[in-house]
Amino acid sequence: MPNTFGHLFSITTWGESHGGGVGVVVDGCPPRIPLTEADVQADLDRRRPGQSKIVTPRKESDTCQILSGTFGGQTLGTPISIWVRNEDQRAEAYKEMETLYRPSHADYTYQAKYGIRNWQGGGRASARETIGRVAGGAVAQQIFKTFLPKLEIIAFVSEVYDLVAQVPLEKISYAEVEANIVRWPDSADAERVIALIEKVRSQGDSVGGVVTCIVRNAPVGLGEPVFDKLEADLAKAMLSLPATKGFEIGSGFAGTRLKGSEHNDAFVQEGNRVRTLTNRSGGVQGGISNGEDIVFRVGFKPTATIAQAQQTVSVTGEAAELRARGRHDACVLPRAVPMVEAMTRLVLVDHWMRQRAVGGLEK
Amino acid sequence: MPNTFGHLFSITTWGESHGGGVGVVVDGCPPRIPLTEADVQADLDRRRPGQSKIVTPRKESDTCQILSGTFGGQTLGTPISIWVRNEDQRAEAYKEMETLYRPSHADYTYQAKYGIRNWQGGGRASARETIGRVAGGAVAQQIFKTFLPKLEIIAFVSEVYDLVAQVPLEKISYAEVEANIVRWPDSADAERVIALIEKVRSQGDSVGGVVTCIVRNAPVGLGEPVFDKLEADLAKAMLSLPATKGFEIGSGFAGTRLKGSEHNDAFVQEGNRVRTLTNRSGGVQGGISNGEDIVFRVGFKPTATIAQAQQTVSVTGEAAELRARGRHDACVLPRAVPMVEAMTRLVLVDHWMRQRAVGGLEK
Amino acid sequence: MPNTFGHLFSITTWGESHGGGVGVVVDGCPPRIPLTEADVQADLDRRRPGQSKIVTPRKESDTCQILSGTFGGQTLGTPISIWVRNEDQRAEAYKEMETLYRPSHADYTYQAKYGIRNWQGGGRASARETIGRVAGGAVAQQIFKTFLPKLEIIAFVSEVYDLVAQVPLEKISYAEVEANIVRWPDSADAERVIALIEKVRSQGDSVGGVVTCIVRNAPVGLGEPVFDKLEADLAKAMLSLPATKGFEIGSGFAGTRLKGSEHNDAFVQEGNRVRTLTNRSGGVQGGISNGEDIVFRVGFKPTATIAQAQQTVSVTGEAAELRARGRHDACVLPRAVPMVEAMTRLVLVDHWMRQRAVGGLEK
Amino acid sequence: MPNTFGHLFSITTWGESHGGGVGVVVDGCPPRIPLTEADVQADLDRRRPGQSKIVTPRKESDTCQILSGTFGGQTLGTPISIWVRNEDQRAEAYKEMETLYRPSHADYTYQAKYGIRNWQGGGRASARETIGRVAGGAVAQQIFKTFLPKLEIIAFVSEVYDLVAQVPLEKISYAEVEANIVRWPDSADAERVIALIEKVRSQGDSVGGVVTCIVRNAPVGLGEPVFDKLEADLAKAMLSLPATKGFEIGSGFAGTRLKGSEHNDAFVQEGNRVRTLTNRSGGVQGGISNGEDIVFRVGFKPTATIAQAQQTVSVTGEAAELRARGRHDACVLPRAVPMVEAMTRLVLVDHWMRQRAVGGLEK
């Protein structure tokens, strides 16, 4: 099922950017987890357009409705259907897309794969699809609040174009990240990033960057050691997000420039816990979490939609020039942060339930 | 099923490095595909120990037997069971591992997850598990020979430690890669890599690097646009291989340092094909192959097993020093090449069959 | 995913009888299949309450909305989300169920499994859940109209309590079945069934019966020969419907009273087709369709909700007497017919796509 | 994956009746479960040919080897590969099957589906395939011994042709069933069944019958309420066994002849347990186990292979007469009993793990 993610805790997303809305069915959620629309809305608000001056000014409140699966503020153990109506639809703004393929978008590949596409606003390839993921991640978060209250999942923008955040990982805090509109880990330093994004937008251009995610206090033992390694499922989760081009965990590509004697994480005993002195493994060894912080990075390309003229072809094969109208993000990174968090939650909750099924979390 | 990979064409691998052997069950293979043990053996030989002076000297012939699923040299459409017996088992060489956790190996996490582990030779975490993957990939390759004879999947070692291959992608050839024991794309240049690996080994140390993979003549339309994006499934496939730390497609992390106007791939019409002038997308747009070369890179950490003394702890929590004996690769990259190819084939054949199921490959 | 059915063509249903509604996400539907709300509504109308004097008088129009997955009257290849709002909700009519377990209903087992339940109108265990199945089956039917126009799937009520329809299988027609409110294969004979149902209802009692389903012109080769045998998937599909107690295919349980020499279906050649002289196999041999009519029977128990007083216990363990109010079917069989058809379509379309994936339908 | 059964605890079977053997990969088994080859062999011996005078005299010891997944007599949590070599292969005895389709066998449908088949001994359609299921069921049984020691799963032959066992369900015991070669619940009564089978064989004919299965002390709460109802998964499991034609649970088809007032199971409180006065539900309500005995019946057709002459066609379309040689069961029922038990165990263990994953078994 191409629109489903997860084995035991799964989400199935649906919807196009123009049409009846977008939504998600969350299946496999344990019963008696506190869940209200407000829990979901809080995360959707971090993802939605118009939340700050550096993101797209599309006016979508992205108000969610829970249509099933809860009763008296608690989950029933039955599927949770969450729906967000589409509001600010301006199909006419996309009229050109009916006949032209936007460079580095999915217009052409959808047409080639399906022989049909909803060209209004990107259709299914629109980033609106991620609403369902963020909503599903919010449900997962409620499970963690109940069962793993110390678990912390913090994503943040660590690079925008050539700007690199300088905060050490152990200093990263959710509050600080959320304290500025870039979701930069150091609010005092965020202004230069904002200035860059605004400058790029004024040029009709766009920039990409890197989101880093850190998971603290994950249980030891999550991850299946062969195909469903924790880092493999995280990699898939991240590369399934729009505009992502790369994933690395722990030492990542930089680790390929170290020797084994420099790279290995020595073990030490700390009370009744086995710890590592360094964390080049990124919290995962042999596909299984080892209790250290899980740390990974996700590369996002610059937004494909730009206001500058671009060379393309029409659906009938004629050369054409395209200049995007519509309202777009000059940099998707700030809005990508809750998406990365949501996908991380989904991966972790699924593995946590898989581990529960084999009794691996019992003491 | 944690030991199964693929939806329509799937492999289920089994086996530990010490014990009755390792194997794979390939399910979903179409009928009447030519398949003999020789087809599988050719790929296993590229993966096996002892194939050259720069890999581990373990003496394993890795001879495969097809136990089911073929008849008269053709597939039956029923499950293909392939078995490789373990030969050069020296459990005593691993005796220390019964009580000590090897740094940056899976010993500790297996123990923590399962409360038990086969400590002989790494057990299920041994790279011997990849035999089943390579065998499965060989079956996939037979399907391609039948249905997509022009499809070319070439993986090669593009970086070892700080050495970087300089061959342009369009010049890469399978023959040249296989012409030297590093699987370096330029045999004339391979000697300096060999020298590096031998020097590192003589120091009791290890190095990592990067494998690049290029897929030529893939059909347009492979990949599901949301969770099972082609790059997402490739990322998962690669990060599920032992020792991998990163994945990037097309422009990858470097692409985050470009602006949208520099990064977008302009479309041009070329006869009845839509092409792109550049290929920063890496052959995939919106999760779906666009007919350009699929290009991605996989980062491998330096081998965790080194002959130098390392700090660790015992299963009972005492500090200890470990100095690996046994026979290991100072650099896994040359043997990783057929693994990367196998996983790529598995991803592609599965998506090709998924596309067939919805009629997407019919003209 | 417990609320998902199907591998390649799948439905995920959601919703409780009281709350925001019920719905389905259909995933894996090929693109460019004609589909409008009218196509779905036609089947929903055959399932809905209030359609005749012998079914529950609940006033639900069961009007569907397609929220995603179509464009210009055709499927996009993306998930199709279909929603039916709940209308005639009378939670107060179910107030007793908050504290009492209805005999032979799912109240107790839901409470025991989940520790919570939506007691209004049966919650997720309500037959309203089957709306999603019927809607999904309507989408499947559109695929058949496009690709297998000769395929005929006809379910009908063949037994109610001790009344047995006498029409030979080859005389069954969809038009005749739909020509009477029982969905009895012989309209002239339907009055005695209607009289029985009305009498039983007047007694505050209920009756069950048998639905027979016949599939004509199914392709040869559908079904996987081991676990996913065609009859195995049909059996699961049918036993997943509310109130079902039995499934038999071809000769069924009666076949256990024949000897092999009486039971075997002799093969004969008929032009370029291999046929069988008899059809005790029920159109499936070795789990795979053989081109003869697929014939199976499904047993439905009498409706659990009856107006007579019944002995039960409360959620706190006290003995109690329950006398159902609310509005119920004295016989579910007429409304079960479209459910059986829908599940049959879902099984067949999934196997048809699986067969397509391995190329088995190509000539 | 057509050759895989189960979601969390899964088996993948492989192998044809002639060739390298048959086997199974068991995935998802919890770690530290005691498991040796003897545990598996005990069940295989109950299934194997030649075990008594009333079954096929094929000489196959069906000796199993565990190739992976255990260490020191305990499961590792990794895949368990079990292999049984084929021994008594007489391909020549099946020579006729190369060109003739056996009536009511899978020869024709395999040929039609795949365009190729291993005609020796039935290939993949041979009942030898069930060796893998029985082996998988034996592993499941070890889990139950550890976690649910009171759980009892007893299958037995309740009907052969027109002979019907008269033992009340509460009197059925495993010891009594295993005390006679028919697996009849009353050894004193078994002689007449043996006499019937021997007579039928002497006539070159065959008979079918019914296997009943009773599960005692199953936990409350097993089963997912919509598609994966416990009875739905049991129905699929049973109909996936060779030669099965029907499944019914609790009151089954006979229940369609009762009125609701006669059929409903009244609830009563018994200490801290909710019980039912009758058990027409068969231990499952709304798809979920209610703690009463789970009782179901499986109909098996008479063995298709008979020694009498039969009408058939050849692969090239000529009319032909077939008279089976080879060695066959005149009645498969005695050997079907361990198959039914194995499939029941597989269904239950999978649902037990699913329930564990959502925390449903915690108190």
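General observations
Just so it is clear, A, B, C and D label the chains in written order, and each chain counts residues from 1 on its own.
Here is the rule we go by: contacts are C-beta pairs under 8 Å (C-beta built on N, C-alpha and C of every residue); 3 or more make two chains touch, one makes a residue touch a chain.
The structure presented is a predicted model; accordingly, all values stated were derived computationally and were not measured.
With C-D and B-C as the two chain pairs, more C-beta contacts join C-D. Using mean Cα coordinates as chain centres, the one most removed from chain D is A.
Chain A and chain C, compared by their mean Cα positions, are separated by 39 Å.
Each chain gets one centre point, the mean of its Cα atoms, and the points for chain C and chain D are 26 Å apart.
Annotation: 46 Å between the Cα-based centres of chain B and chain C. Shown for chain D are the residues in touch with two or more other chains, namely 2-4, 13, 28, 31, 77-78, 113-114, 124, 225, 354, 360. Of all residues in chain C, those touching chain D in their complex are 2-5, 13, 101, 103-106, 108-110, 112-114, 124-125, 129, 159, 161-162, 200, 204-210, 220-221, 223-229, 231-240, 242, 244-253, 255-269, 272, 274, 276-277, 280-282, 284-291, 299-306, 308, 310-313, 317-319, 354-355, 360. Considering their complex, residues 1-4, 10, 12-16, 19-23, 25, 27-28, 31-32, 65-69, 71, 74, 76-81, 83, 113-118, 123-124 of chain A touch chain C.
Chain B meets chain C in the complex at residues 8, 28, 30-31, 77-78, 225, 353-354, 356-360.
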